[in-house]
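Listed below are the structures to be examined.
Across the two complexes that follow, chain A remains constant while its partner is chain B and subsequently chain C.
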Partner chain A sequence: MSTPEAQRPDRPQQPGAEPDRDHGLDPAARAGHLDHPPRVGFFTDTSVCIGCKACEVACKEWNAVPEDGLLLTGMSYDNTAGLSASTWRHVAFIEQSAVVPRPAGDTWADPAGDDSDGDLRWLMSSDVCKHCTEAACLDVCPTGALMRTEFGTVVVQDDICNGCGYCVSACPFGVIGRRETDGGAHKCTLCYDRLGDGLEPACAKACPTDSIQFGPLDELREVAQQRVTEVQDAGRPEARLYGADPADGIGGAGAFFLLLDRPEVYGLPPDPVVTTRDLPRMWRHAGIAAAGLAAAAVAACRGGRT
Partner chain B sequence: MAECHPVAFQWVMEAKARGATVIHVDPRFSRTSAVADLYVPIRAGADIAFVGGLINYVLQNEAYFRDYLLAYTNAATIVTEEYADTEDLDGVFSGLNAEHRFYDFDTWRYQGQQGAEVKPASGERDTPEPGERQIRSQVRRAGRGEAHGSGGAAASGTPDTDETLQHPRCVFQVLKRHFARYTPDLVEQVSGVPRDQFVRVCRLVAGNSGRNRTTAFVYSLGWTQHTVGVQYIRTAAILQSLLGNIGRPGGGIIALRGHASIQGSTDIPTLFDLLPGYLPMPHAYGNDGLDGYVRAETVQNGFWANTRQYLVSLLKAWWGETATAGNDFCYDYLPRLTGSHSTYETVLAQIEGTCRGYFLFGQNPAVGSANARMQRLGLSNLDWLVVRDLVMIESATWWKDGPEIETGEVHAADIGTEVFFLPAAAHTEKAGSFTNTQRLLQWRHQAVEPAGDARSDLWFTYHLGRIIREKLAARAAGGDGDPYGMDRPVLNLTWDYPTAGAQQDPDGEAVLAEINGWDARGHPLSGYTQLAADGSTACGCWIYCGVRADGVNQAARRRPGREQSWVAPEWGWAWPANRRILYNRASADPDGRPWSERKALVWWDPEHRRWTGADVPDFIGDRPPSYRPPPGATGVDAISGADPFIMQADGKAWLFAPAGLVDGPLPAHYEPQESPLPNLLYGQQHNPVREILRHPENRYQPSGDQPGAEVFPFVTTTYRLTEHHTAGGMSRFLPYLAELQPAFFCEVSPQLAAERGLDHLGWATIITARSAIEARVLVTERMQPLVVQGRTLHQVGLPWHWGPNGYTTGDAANELAHLALDPNVHIQEVKAMACDIRPGRRPRGPALRDLVRQYVERAGITDETGTEM
Partner chain C sequence: MPAGGRRGGEKGDKQVVPQAELTSYYGLPVVKETVWGPDIPSYLFLGGLAGASSVLAAGAQLSGYLELARAAKTGAAGAISLSMAALVHDLGRPARFVNMLRVFKVTSPMSVGSWVLSGYAPLTLAAAASAITGKLPRAGVAATLAAGLLGPVVASYTAVLLGDTAAPGWHEAHRELPYLFTGSAATAAGGLGLVAVPSRAAGPAARLAVLGVAAELTAERLIDRRIGPAAEAYRTGRAGALLRAGQLLGVTGAAGAGAALLGRPSRTAAVLAGAALLTGSAVTRFGVFEAGRASARDPKYTVGPQRERLREASSPPAGAPGSSVT
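Right after this comes the complex of A and B.
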């Protein structure tokens, strides 16, 4: 299904070059897909998530991702614990007892004057690979197994991956992992095989409340902007978008979220940065340091001779 | 609802997005609570007090929809002088036979009705032989509360009314007195719902009802599985009728069923006391002959007046040419009831040895039914058992690895039951229809052939019948006697469904065609009004008549919603007559005009002299609002143009039910069979006519103020999780689901955990008089202690999906449950019980029974405990 162009990773053209922000919304073009469909992604609206985990099951069914253990975590109803090689959708459950403002949605008189139910909140959120515009996993992959597709998504090619695991430490979200049984790295493909057939990803298809929305990224960003304003106006000023800003540390996510609390609450990094961002500078510093060391060594040798 | 019906819950989320306020009342804070606007914690078992308090609020504050109330309910009808309320008799109604524990309904009738007054719909209606008290009691216990489920019960004559609602014995005043003590303070004391929160709910519900707005109630098994389950729903029915929320868009009382097509399995019942279409099963005493049945079961007015048409057409569908006017259309081929044969009484019959063989179709009673231990003891005493399921469920393997084998009480070698396990086809492997809670039939197509030996239920039933018939026919041909004609009902059945494919699977649509029915020329019928009593029509289920109108499978229609009106009548097919909202005549005022534009659904078109609108009008199409029945009119002719409740004999919604229920014309709060609390409202602790099943394996605990009640100080309730399905046969065995909820756990509050030394993720043992089980502990603030009657009450939450087989295993919550049943529908009370909980795992081997025995002794439990009226 993938074209030869599609297999070309969009790692920075030359070591040392800064990421090209102008192409932030069009990583497919940057990867060489000259005539490509619009970039697609997920908008996960956690304010309507009911925690049914249909996304987790649909994902595993469609992608034949193996079951990965019967572990009662004690983390509320979350027994998945996190994204990994064998979990590409993960629903977090966060029980909060702190008093948080509740919606002022109803206009009827309230005899109590306060919301006694405001002291318990149960947040649910379906996490997934962010399909970053600046994808560190892809940057560091030495074999080209990780690639940017024509849809702007990031996919691991199982038959090329050598299991080195560089991508695992490179991901700022802890999304990708290595599966012990086959040694390879695995993560969400945004159902690459379905996209080619004009189908939406399995998780979005299964989501009963449309908490997971799939579509062209620019449209989703508009929808999300409108939705977050709605939710804020309905009395939840703490609602925010996460990963929707092309100016953030990963150039904006292909899969972004509407959260009802700070990202840390959901186990998400508050200010994710593509881990390869500082590489050029680090290399420069390393180069200077190395040059300095070499100079010092030379000087020392020379000094020794004198 | 989000927890157990996540797919249906999308519509609640959509309503919420459009501005609806969602209130969730539940003992535990669930996934539904998480997205509700208001979560109200409640003590399990106290809902009649809570909803009764709502009724009282509506009555005291005159928040009812007066025009609707006057025109469409029996508020103005005057009740007979002999009626005595729970307020007069400290918690029981008049007519209670304390010796045999049943109610005579005679005093619950309306004043001014003629002749035999109101006929009870539940229990038999004919007068039994004099002196046959025992039989009468037994027959009444057979209930038939579900009979006429799509309509009402019988009433005859014209009762007296007082349109000013001032008469002290008019239903409105009776209702007012009955609920007067259900004040916000009392609601708080009984249910634990804080006063202010309760009043807030009252204002929200009342404020969102009336001409322009409607409120819907949604319930599931949390409301039904009680010894007063039917009365829970009745309480909601009264409230919704007072508020004008029945028969109108956005209103109603919505029952979320526990399985796909459970609605279908009551419409075309798997219940012992019903025939298809809610026709009562004939009784052995009374109901003699077709005429006797029709006389006893027919209601004089309304659409139930056509009972003969419905039954004769059913008999024609089953016995075809054999059924003739000369032989009562084979009416005597129908089995007769002699008492209750509900699932739990059948378990007793198994233990007693009178029930020798058993079929289980997709049911797992060894862990999934109340008092699971008794279920297994029953199965162990059978000659044969057929289990048709997707996987090796506990009900197929208990004889070799069940809990009693572990405790050493029973040895596999001693169990004589021959078990036949027959793999079943899954829903993707067969075609057929599901009937959902909206009475909507949706046809499914077969995706793949069943693998291996798996076969559809239709295949099994058809071929089993075919083979039995062949054997009986051979016996008859061989001259073996059938002196009593016992074989004839089976031999004469119409059993000629076409089969297809390599497996010879019968064609589901041929069955649907028989259900829909045909006329004398074999043409498909288009509606139940065509049914005839002379044998010229055949119809397998009168309320489904029309599902194959014009020979087209209407249930298979899938026209997208955006391509049709907002009612979407061309998606599937809803019984009856493709009506999406029952009693929708009530969406218009008595003159036939919508109560408001915002809530318009159907209305009278004076120009064309027709009822019209977005839905199929649930009324006689050309009957003008001004029509009043002439004196002496009967049947459909007796329905006034202004009476929307056309299945009720008087055309009204019943605030007070003069017939139809075996445990009272009005709901009253009774404590559950097992409760740590006394009944604050009445001297009567329990539902006096609840069904008690006395058995050494079904010991009840003391309640309320009784000594020993303190041994079981906590309330426990069972429920489901999104990740699993019922008794786990379809989920525990699947890795993708098992890993999401990988262990049986109990949910407790931090306070209870501290009080009892329970550690998060540690083990706890939960004990009742029946058994003790162990569960991992989830300590969560989602379980909140309640203050009830001045004390802190803790509740223990138990998801009941587990059992010893499968990929994730654990103890079954149903080990703890007792068998005390709702007397109308014979359902168990697993949603509110009392228990003890302590840290650590339960004992193994014989020590398990020792632990239970210690508790029974400590609580002073005897075979009489808890059986008092």
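Right after this comes the complex of A and C.
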């Protein structure tokens, strides 16, 4: 169990994080939520995902997310295609046709000894908003509609968003979208309404295999470390955690994953970096360019005189 | 497409499946393409035209080119009015445009821009109104000078607006875009001056246009050389065609502006040069906008450089941070 919140200092330091870097810091505290509950998130263990899409359905139902187009994509069992304004959980299906070495005692093996399916590996993964520690969508939102909750999650306030669409271009994961019907930006809220009542998010609640685990982020990170070692030891050395490291380009994700292949295979960026990290340099160059324009105008106006 | 770094070498990255060309999820984009429509590149052009025109108006006012100053003030007021209309029109919920002024955030170039515009636009309108009606001349000059100070900011912040996104073509060019955009703004303002004022009174406009085109060409060259794979998005497709057209129009217009400075060209020739400069500036903005869109659409621009970054980070010293990102 993690330290009770009441005993924590205002700016708690996570083990392993350098004290004076922002990465490990508690985003809720940085956003001004003093005396807040522990930061929560998702650990999505794709090694036990069975592709049932109960998470997609539960999310749609609980949050009354509208229909987002019915299409036949031709992408395995995935006709959802990706996260968007009206899809907040998305189950990816990847068929890998090649000989997959099976670990000893693999329970997938046909008891009759028929190994004819041995050349197919099916990866399934339920994607969701990462609720980044350093969230680009939140940084660039000009209205303050995107906010950091007391749980450390990132939520759009629908009554404030004016549909400028900046967050859509800023997200390094392509999560948030603008809905055609109402013009506003929408994404996963980590079931903010349920959290307030002590309930877990609808997707985690509905997941029959516990592929989607919900809880305090500190605890989830420990669970995930154990799990990835377990899966590797069981003969899947390719298992890896994605988004669990507070030193990565987004300060660590609030929703992170155990993957069985490279992130890009699942449609995830291999090394996302929040765009606002470069913002000071951008403003500096813009300042120099602005001064250059002023200087050019002065030169142009004096040019003919001498 | 980018197959670099496929031969493994990363910890825990044993080849389970012989690597196919699959470096993305069914070729789908990783980041989302912008939802902004043609209103936004139009605004990039018009905002630049307004900002640089205000600088030119202030300079012309102070150095006695009063006819040029009046034209530039009028142009700035007209361009910024159209700009604001385009910006509101592009919102998903236009009725809520005032929410832009609900907070001020330096981390949001759009927030900064909204505040700058809300100070700048009234100044340009006041400056133009005074110049046209001849009323309140002192206040008019004060507004002209104040708008002239804010003008460069209006012309340059839009580069940060695009750079501060996850679209590889925009983000990777965040160092160069400010110079391209202020150059393009100067080109447009110079072009407007050449169209509006007879050549003998348009010297500053012609000189500004030549400097603007030079800055644009330099910045585009730097983008091509320095930003890595995303530069391809500036060279190819619609973006490439638009940018090449913009260069051609800019160089043609600059040549006309040069002729206007050296000789006494016909009024028609000067107007055509000015029109080429204005069109070139607009076409360039649409080209940059398209390059960003194209770079977001194709996952190779997102995945390739990130994969390369990981490879570089993991290869040199043994025992480098055993990051678990991959």
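Keep in mind that, in the parts below, the second predicted complex is superposed on the first by the 252 of 306 C-alpha atoms of A that agree within 3 Å, B and C clash if a C-alpha of one lies under 4 Å from a C-alpha of the other, contacts with A are read in each partner's own complex, and residues count from 1 in each chain.
Throughout what follows, contacts are C-beta pairs under 8 Å (C-beta built on N, C-alpha and C of every residue); 3 or more make two chains touch, one makes a residue touch a chain.
Predicted, not measured: the structure shown is a model, and the values here were computed from it.
Check the residue A:223 against both partner chains and state whether it touches chain B (first), chain C (second), both, or neither.
neither
Name the contact category of A:79: first (chain B only), second (chain C only), both, or neither.
After superposition on chain A, A:79 lies in contact with chain B alone.
Looking at the overlay, what does A:29 touch: chain B (first), chain C (second), both, or neither?
Once the two structures are laid over each other on A, A:29 reaches no partner at all.
Look at A:237 in the shared chain and tell me whether it touches chain B only, chain C only, both, or neither; answer first, second, both or neither.
The answer is second: A:237 touches chain C but not chain B.
Which holds for A:185: it touches chain B only (first), chain C only (second), both, or neither?
second
Please determine whether it is chain B or chain C that touches the greater number of chain A residues.
Ranking chain B and chain C by residues of chain A touched puts C first.
With the two structures laid over each other on chain A, which partner does A:122 touch: chain B (first), chain C (second), both, or neither?
Once the two structures are laid over each other on A, A:122 reaches chain B alone.
In the superposed arrangement, does A:67 touch chain B (first), chain C (second), both or neither?
Touch status of A:67: first partner only.
So, A:199: does it touch chain B (first), chain C (second), both, or neither?
Touch status of A:199: no partner.
In the superposed view, which residues of chain A touch chain B and also chain C?
After superposing on chain A, chain A residues 121 contact both chain B and chain C.
For the complex, give me every residue of chain A touching chain B.
Touching chain B: residues 48, 50-54, 56-57, 60-61, 67-72, 74, 76-77, 79-80, 95, 97, 102-103, 105-106, 108-112, 115-117, 120-124, 208-210 of chain A.
Please give the residue numbers of chain A that touch chain C in the complex, ascending.
Result: residues 73, 75, 81-82, 92, 94, 96, 98, 100-101, 121, 136, 139-145, 160-166, 168-174, 176-179, 182-185, 228, 232, 237-245, 247-249, 260-272, 275-276, 278-279, 281-283, 285-294, 296-305 of chain A touch chain C.
Can you list the residues on chain C that touch chain A in the complex?
Result: residues 12-14, 16-18, 20, 22-26, 28-32, 34-36, 51-52, 55-56, 58-60, 62-63, 65, 90-94, 96-97, 99-100, 102-103, 105-111, 114, 148, 151-153, 155-157, 159-160, 163-167, 170-171, 174-175, 178-179, 181-182, 185-186, 190, 203-205, 207-208, 211-212, 215, 296, 299, 302-303, 306-307, 309-310, 321, 323-326 of chain C touch chain A.
State the interface residues of chain B toward chain A in the complex, per the touch definition above.
2, 6-7, 9-10, 13, 17, 19, 21, 29, 31-35, 37-40, 194, 196-197, 199-200, 203-204, 207-208, 721-723, 735-743, 745, 760-761, 776, 778, 780-782, 784, 807-808
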